[in-house]
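So that you can tell them apart, the chains are marked A, B, C and D in the order they are listed, and the count of residues begins at 1 in each.
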Amino acid sequence: MVIMPLSDHYTYWITILLMVAGLYVVIARSNLIKKLVGLAIFQTSVYLLYIAPGKLIGGTAPIASAQFSVYSNPLPHVLILTAIVVGIATLALGLALVVRIKESFNSIEEDEVLVAVHGDAMSEDGDA
Amino acid sequence: MMALLVLSVVVQRNLFVVVVLSGIYSFLMATVLVALDAVDVAMTEAAVGAGISTVLLLSAIHLAGAEESRPLRYRLPALLVSIGVAAALVYGSLGLPRFSDPAAPIHTHVVPRYIQDGPRETGVPNMVTFVLASYRGYDTFGETTVVFTAGIGVIALLRGRRKKKQSEANAEIRHDA
Amino acid sequence: MRDFFVLRVVAKMLIPFMLIFALYVQFHGDFGPGGGFQAGVIVAAAVIFYALIFGLPAARLLVPDALVESMMALGVLIYGGTGIAGMLLGGNFLDYFVLSANPVTGQHVGIFLVEAGVLVTVSGVMLKIFYVFAGRAKLPPG
Amino acid sequence: MSAEHLPVLLVVVPLLAAPLIVLFRSGRAGWLLAVLASMVSLACAIGLFVQVRGGTVISYAIGNWAPPWGIEYRVDVLNAFVLILVSGVATIVSVYARTSVISEVPSDRHYLFYAMFLLCLSGLLGMTVTDDVFNIFVFLEISSLSGYVLIALGRERRALHAAFQYLILGTIGATFYIIGVGFLYLVTGTLNIVDMAGRIQAVADHRPVLAALAFMTVGLSLKAALFPLHAWLPSAYSTAPGAVAAFMAGTATKVSLYVFIRLLFGVFGARLVLQDLPLLEALSLLSIAAMLVASLVAVMEKDLKRLLAYSSVAQIGYITLGVSLANQDGLTAAVVHLFNHGIAKAALFMLVGGAALRLGGCRLEVLAGMGQRMPLSAFCIVIAGLSLIGVPGTAGFITKWHLVLAAAEAGQWLTIVAIGASSLLAAAYVWRFVEAAYFTAPRHHGVQEVSVGMLAPAVIMTVACVYFGLDTSFTLGAAREAAELLLGAVK
């Protein structure tokens, strides 16, 4: 669906919509897991910004072979492979933190955790 | 369709549903990536986005609870930030090369050498593989280190240190210390 | 879950195939899509599959935590070691040309070694993360 | 292995020491390796600095693939200077960390702590030494992920929330940065900074370039805690283990600022005439706001660590103010303040971390009478504090002096007033500590000075604050050369 060049910049705009929706979830929602899902969507959408322009219509996947002479651009693929790995690494760490926050604060809603954090700051004896 | 999915992620409050939706989102993304000739990326996105992330998110939900207790609120500042970001992106994208323009800089600079000489210089036909492991092998070294960092980070955060009542699990964790 | 005899048999049959598929993805990466990262994920998935069917303790007995943790570190060391080897043989860091008398063979060796490094670290980390999360979740023990 | 490999050894030695520590699984061996690897990095950085002094540029092609096809390490006087700061702070803090870690981190995690510390260090060094915009992102993530974990290892449960908040904001920052990289890549076709600077002039449409500048600025400002994007910093620094706060306060934000300066002048400067940009005016306004507002918040703070963290936000304002002036003195001040503020904050967080361990907290009322109970620590805090104010004879004065010169040259008299006001506020927040430590009756009895292992590194760092205020040949010399280099790239 994305490959149809309805307009010259159609693919960019789809990418932008997805990115911004992800970003909105990160900022607006208070549930910590939901924030991480939003973050993942935000990151995933950036992949399209790189990959879509690398496509050449009539080209093929960048694996050299005698039958083809036009290939889509391999460099964005390499960069995005790295970005995917970084994304999952961030997600794993984020979830580990959420689990610890749940165990320590018994909540994963940002506002409730914040109240507890301020409570700790006031009483100056945050438990470990 | 992807946009619809993302919108339902925004609205949906049951985290379990959100996770499943984001898994489907990744899967759709992988399909799009195949259409864009990025087969290696598609394979990884399917394995990571639809596979590992989903498993991780589900186990985290299992540990931390599945229902978002806050009702949906439309927060003006967040909306404004998002709109601002979107505006900047659209503004920037207007000056970008057309879709599938063979004369775009990314197709005329740096990459031609990979495509023309790479298979001969490295003896490997998959361009993604040799750019990844050789020309830009140092990025991949960094990437491996990122994975390693995340691994020991998760250990440092989640090993041991549980409440006493779970001593059975504790004993289990001891033998890796 | 112990009692699902069929599951256990199917699992025993499937897991070797998963590992072979992982090796295929690893080595076929030169010609088709795939490589160390994807193969690493599949190896980890095979063990996770085992853990789901036979229980976490059984999986931990088969692939102990200490081994997994060492794998995480070892992969990075293999990758970095390949880089250092390039330096010792008179090239730059991660210079594969010097790894063999023939530069193209050198590239082959280099790419093979670093992909192996990626495989080891990625499978180790994925598995470890699963162990740690599942250990906390008190997955039904076997 | 000869000297030509220094640029890569600098990063790879700490990076490979980290998995070795994980293999050994011993806290003591981990500490030894961490100290050793940091020292090797420092030695490499000094070796590089000696070579690049006087305008030489060292280029190192990793994998022997010539740039822009491969990844290039490129060292000039600017990043060699930053490398010395980062590896120097790491070396001193790694010695200090031994005691700090034993008292603040559970013992089964000691070796993981040191592995994380080294990964964070190699991430920061890698960001500094590379000439590839995507490679910067990869190493930024290494330092960030390890940074989140290091902060979360703090004793209080607040540390977990601080780390999570930092993870979210840091990842948004990194993603913004990568969006900016995407725009630049799409219009230039390259990722190598030098290559990009050459090709960006030929780009017909300036809209993607401006968007890239905007996204990279916001992304890096998030990582650098530039006002008003500093939300993560105070809670992160005040809840992290002492050694982590000292290390990160001295290095992490500085490296992000370095990358920002490098890209602004090294890539965008070649295309956009800096005087025509509203960005510099905006940066200057935000810097002044940071200097005044954050200092004011610091004056109100009751917790010494949070006070220092807000002071960091204010001091980052000095650096960006120097950048926004974009003249020789301004850039000199910015670069030299990266260093001067880095060592002052590292010293202060080490000292306060030690005091917090002894006295059981670092709210000002808990520190009452510290001047009698822990005379050397308290004295050093005052000395490093004087450097924050910018009293003559300390390193901080050098920065202030050049900032004032730069503002005068640019004819911005109001800016000079703002610098003066911010210095007065700094004097006020340092005075709050003096008042508590010397003019309040002690609450604790039988409290002793911290152990030599913690005190000695902190004292060395404090002495450095004074030394570099008196002998400026190294710091100012390097900063002047770096400023010429940056301005030369723009012309």
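Details
As a working rule, contacts are C-beta pairs under 8 Å (C-beta built on N, C-alpha and C of every residue); 3 or more make two chains touch, one makes a residue touch a chain.
In this text the structure is predicted, and so the values were computed from the model without any measurement.
Across B-C and A-C, the chain pair carrying more C-beta contacts is B-C.
The geometric centre of chain B is 20 Å away from that of chain C, both derived from CA atoms. Each chain gets a centre from the mean of its Cα atoms; for chain A and chain C, those two points are 25 Å apart.
With centres set at the average Cα position, the gap from chain A to chain D is 27 Å. A straight line joining the Cα centres of chain A and chain B is 5 Å long. Shared contact sites, meaning residues of chain A that touch two or more other chains, fall at 19, 23, 32, 53, 61, 63, 76, 79, 81-82, 85-86, 89-90, 92-93, 95-100. Among all residues of chain B, those that touch two or more other chains are 39-40, 44, 48, 52, 56, 59-60, 63, 89, 93-94, 96-97, 104, 106-107, 110-111, 114, 125-126, 128, 132, 134, 136-140, 142-143, 145-150, 152-155, 157-159.
Residues of chain C in contact with two or more other chains: 31-33, 37, 69, 72-73, 76, 80, 83, 93-94, 96, 129, 132-133, 136. If each chain is drawn as a node and touching chains are joined, the picture has every node linked to every other.
Touching chain C in their complex are the following residues of chain A: 61, 63, 81, 85, 92, 95-96, 99. Interface residues of chain A facing chain D in the complex, by the touch rule stated above, are 19, 23, 26, 32, 35, 39, 42-43, 46, 49-50, 53, 76, 79, 82-83, 86, 89-90, 93-94, 97-98, 100-101, 104-105, 113-114, 116-117, 120-121, 124, 126-128.
Considering their complex, residues 15, 18-19, 22, 62-63, 65, 68-71, 106, 108-109, 112-113, 115-116, 119, 122, 126, 132, 134-135, 138-139, 141-142, 145-146, 148-149, 152-153, 179, 183, 185-191, 199, 203, 205-212, 214-215 of chain D touch chain B. Residues 1, 5, 8, 12, 15-16, 18-20, 22-23, 25, 60-64 of chain D are the ones touching chain C in the complex. Partner chain B is touched in their complex by these residues of chain A: 1-3, 5, 8-14, 16-25, 27-34, 36-38, 40-41, 44, 47-48, 51-57, 59-65, 71-82, 84-93, 95-100, 102, 108-109, 111.
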